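Heads up, the next two complexes both have subunit A, just with different partners, subunit B and then subunit C.
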Partner chain A sequence: MSGVDLSPVEAGPIAKSPTWSRLRRRLGPLGLAALAAIGGLWLVALLAPVLPVADPTDVDLTSTFAPPSAGHPLGADSNGRDILARLVWGARTALLGPLVVTVVATAVGVLLAVVAAWRGGWFDSVISRVFDLLFGFPGILLALVVAAVVGAGFGAAVAALSVAFIPYIGRVTRAGALQQLRLPYVAALRVLGQSPTAICARHLVPNLGAIIVAQAALTFGYALVDLAALSYLGLGVDQATPDWGGIVAAGQADILSGYPQQSLYAGALIVLAVAAFSIVAERLAGRAHAWRRLW
Partner chain B sequence: MVSALLELEGLRVSVPYEGGLRRVVHRVDLSVAAGESVGLVGESGAGKSMTARTVVRLLPPGATVEGSVRFDGREVLAMSPSELRAHRAADAAMIFQDPRAHTNPLRTVGDYLTEGMRLNQRLPKRASQERACDLLGAVGVGSPRARLSQYPHELSSGLLQRVMIAAALSAEPRLLLADEPTTALDVTTQAEVVAILSDLRERLGLAMLFITHDLDLAAAICDRTAVMYAGSIVEVQGSGELHDHARHPYTEGLVAARPSVDTTLRRLPVIPGRPTAAFEAPPGCAFAPRCRHALAHCTAERPVLAPLGRAMVACLRAAELHPQQPADDEETDRG
Partner chain C sequence: MVRFPVTRLAGLVITLLAASFLIFSSLYLTPGDPISTLSGGRTLPPEAVEAVRQQYHLDDPFLLRYLAWLGDVVRGDLGESFAFNAAVSALVSARAGTTVMLVAMASVLIVGVGITLGVLGGIRGGLLDKGMLVTTVIGQAVPSFVAAMVLIWLFAVRWSWFPAIGSGEGFADRLHHLTLPAMALALAYLAYVARISRAATRDELGREHVETARARGFSSSQVVRRHVVRNAMIPIVTVSGLTIAGLLAGTVVVERAFNLDGLGSLLVEAVVRKDVAVVQAVSLILVTAFVVVNTLVDLLYRVLDPRMGLAAGP
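Then we have the complex of A and B:
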């Protein structure tokens, strides 16, 4: 350790790595690819109306099971509808639903978790038991119950899953919050006269940001699968609206007839989207150190 | 004492421990006048920190407090949450032992300093940054503007402790609670921080309750020093007098046990036995089992703080051991 410069250093501007480069380091090549895939899917979903694809609801019985051609780049389904168009438009419901679920579940979950961790006592016990109860109750089952009560539909499915995913965010956030609240800096903030709301909103939640974002990304993937499954069961979007889950279900009958394309394509997209979100979530949470060396 | 800014009376604190309550502060009566600095000295576990923390009611969940804590005549223990918040924000500020643990590592120094001003004093952003710079300058931090955008991990402990002092001063409190602010620092930094602290205190006319286990440090910066043992205050005196005319056998032991550059000793005198916590203290005088002056009645009767000359001492034999001619100082321990 010779040659270490011990002379005092004037505090200059600190070279901070910009957020993007830190993010890039954190994600690694695979994570970046996953992020790009997510971005691509969202882009397609948002641009669906202006993309040069056919009308996904156009039935043309003359081109039933048409092979790929200039008119139908991925062929047509049993009703002669353009598969590519249905996949592109299906991205909208497939991504919008999980987005709503994730936003609602994260907002409610974080709020409940932080209040429970801060207040402790009976409030914490009640919230924790509710989380446990919901956690042990499959989201799909909850959605089935809701569908049975208020009728099947996209809104009902999204609402049910929003509730079902609250504990996924809430439990992790509560655990993190309990850990943070024990740290002396929280006591120091209290002594400075800051209100519980200010401490939670300005310090606690931002400090838990990484795990909340990671858990939210994971939730997005789960919600996408569950919504697709509900569509597959006919409890999500109605049959006419294109949706990946619905497309898998619709194409199922055709697999035996030798036309597995649309089920395969839609299934592959679901896998791609879920895998991408899981990878990004895993990387953001910093849980993939061993992996990252390989990739 | 004219009018006390802070008055602790019959303070008892118990904290939950393994299903029961454990008493950590047994009986504390102490007052701090406006602008006065009072040292609170004692070993680890004597209840010094708990005593200071009750002033801002920063106690572990489930802790019970008896007695009274009055700040400027108002009872702190009876304050509503919003009153308590205002009290913490404006009246008393606390400086902690470990500045690194007591700052949010993910927020910049500037955030830390300005947040309180913006939330509690409704200062606009620009003005709060100006003030933060002034405060950093006042505590001797160089190039304050650049420091504002730094994170706690980029600062040394000594610098960070100054930032903490600056934050404590930002609300212009009247009382500073310093909980071993220099223990975690190396000796040179310690001296700087102490110098800044006492200088600012005098300039701003702040009262201070200074917790330390360093008797000399307390003597150097405090007007009066209170000595705690096993959750009780055993002696309060002017810092100078305490040093030369310790009245309680425990204080005598502490004074004798200090190393000094003036004397050469093969071995430092020690107080026999080990320190006792308040909850395990015997029924009589808590120090009796370790006291070489202890008599039978010392273990039966608990002494209370009573005046003896200019000192306040909680010892049953104080008057007997120190007849009121402060000429003879030959009572000191020789080990």
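Then we have the complex of A and C:
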């Protein structure tokens, strides 16, 4: 992984902007370390094609379970494939899936929540009921039902989880929006003749920014676990493509023959990513209860 | 006294109806013939097609179909499985035992170890507390299948204390076989419950009535037992109960990791073999169990905390 220039990430002038210093204070040393870990994982995922690692699909049966060497820094798996390369390439699907889930769930969740809070009445009751129902329906179960009907795959898993995670964002946003709507600035803006869309888009949603971002970071961590679990079950990313969840599954048989490396390394990366996202989310929300999850 | 349980039960029924409707409608996610979806693309003999048509009331309009299906489900008729060639209800009852035992063992671990660690850490503070805080932050981020790999590697391969796969025969053997799966299933939830217990205990320690009790000269063990732990138990019990309800979905992954013959692995096998009838039945059972446990926890919470009152609130 040499030759990667990390200098553009240097804080430099950004450190002087008030948002950054506020963010830094809020995150604290642990939160900053978590943020750096997230950045590092994303960097590896994005740069996988140019990183000096072997081809993750190269089967070489002469180097089955090869110990770490210059050619295979973390050794090779049962098919002689380079473990490091598989982990690096596996980061791509492992992070891309949760990103799509988080973006879709956040966009739809915020939109529904704000419209429900603004309009109130029957629309609000219906949306709240739907949120409650979906919240009680575990994402992984929804993904399994969808996979049974339309066929298992990465796309189906991502689509099902995108829907399943909408209430994670929606419930928190709706509660926040209801509080904001009682504040005098909303009435003032209405009197000034601003349209509801403008008030919500320019003032209300930005005011809820911290909560929404915290909840989105939390969603990312959960979605990562669920998608990795589906890949582990063989119902997510197809087995030919390296993915952290799939790598854990592929290495399970090797654990019994005394080669736990690839399962444990992939598992450790999943734990690192989830812990980092949870810590950032918790620090942003400023409370331990951000961890709460029923399923 | 009666109003709260009644409204809560009505809510329970509505949630279950909505969830069952969601599961039922999933059959129509794909355009095309529901018969081919149900058979997973297998070609069926004409009499089997006729049986499916009758079971799912395919000649009726959509809402009637749902009601008829729901009626069958309530009577325990879950349809026929094409992939397993058996009645779905027979498949489910053969598999339920393992799942119930697994969830029970994981619950004991969560309640016993999680709450004890949390309360001790909260009271003692110091090194135990610091160490626990770090462990629980990491523990919460460990998905069950990753925990399973570590447990298999350490306790099944290196030290061979426990079997790596299978559910075992007879009670003692089952207990032995399900120990590692229960640990894998419990880990992340245990860490969460420990954290909540610690926070609740710390909150109570700082309360005025605790200070007062101390000032009046009660021994510290008495203060902790009577005033701290009892009050802290209210949030702890609630969170533990909800967590245990959450274990049900977790069994899907853990049972596959350890190759157990439970409902979770049945669900995954059914998805792989595209057997929609089994998938619908098992997911309905898991969701129902979740919603019922959730409601029980809510009622228990109100019993534990007299301030809430059984008659109060939604």
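Here is the rule we use: the second predicted complex is superposed on the first by the 270 of 295 C-alpha atoms of A that agree within 3 Å, B and C clash if a C-alpha of one lies under 4 Å from a C-alpha of the other, contacts with A are read in each partner's own complex, and residues count from 1 in each chain.
Throughout what follows, a residue touches a chain if its C-beta (ideal position, glycine included) is under 8 Å from a C-beta of that chain, and two chains touch if they have at least 3 such contacts.
Predicted model, so just to flag it, every value in this text is computed and none were measured.
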Figure out whether A:Ala198 sits in contact with subunit B (first) or subunit C (second), or with both, or with neither. first
In the superposed arrangement, which partner chain does A:Gly120 touch: subunit B (first), subunit C (second), both, or neither? first
Quick one: classify A:Pro206 as touching subunit B (first), subunit C (second), both or neither. first
Which chain, subunit B or subunit C, is in touch with more residues of subunit A? C
Is A:Arg190 touching the first partner subunit B, the second partner subunit C, both, or neither of them? first
Check the residue A:Thr241 against both partner chains and state whether it touches subunit B (first), subunit C (second), both, or neither. neither
Partner chain in contact with A:Leu264 - subunit B first, subunit C second, else both or neither: second
Now for A:Val225: first (subunit B), second (subunit C), both, or neither, which partner does it touch? second
Subunit A residues touching subunit C - in the complex, by the definition given at the top: 129, 132-133, 136-138, 140-141, 144-152, 221, 225, 228-229, 232-235, 245, 248-249, 251-252, 255-256, 258, 260, 263-264, 267-268, 270-272, 274-275, 278-279, 288, 291-295
Can you name the residues of subunit B that touch subunit A in the complex? 56, 58, 61, 85-90, 93-94, 96, 98, 101-107, 115-116, 119-120, 142-143, 146-147, 149-150, 154, 164, 167, 171
Quick check: in the complex, which residue numbers of subunit C touch subunit A? 15, 18-19, 22-23, 26-27, 29-30, 37, 137-138, 140-146, 149-150, 152-153, 156-157, 164, 192, 195-196, 199, 239, 242-243, 245-246, 249-250, 252-253, 256-257, 267-268, 270-272, 274-276, 279-280, 283, 286-287, 290-291, 294
Help me check something: in the complex, which residues belonging to subunit A touch subunit B? 10-14, 120, 183-185, 187-195, 198, 202-203, 206-207
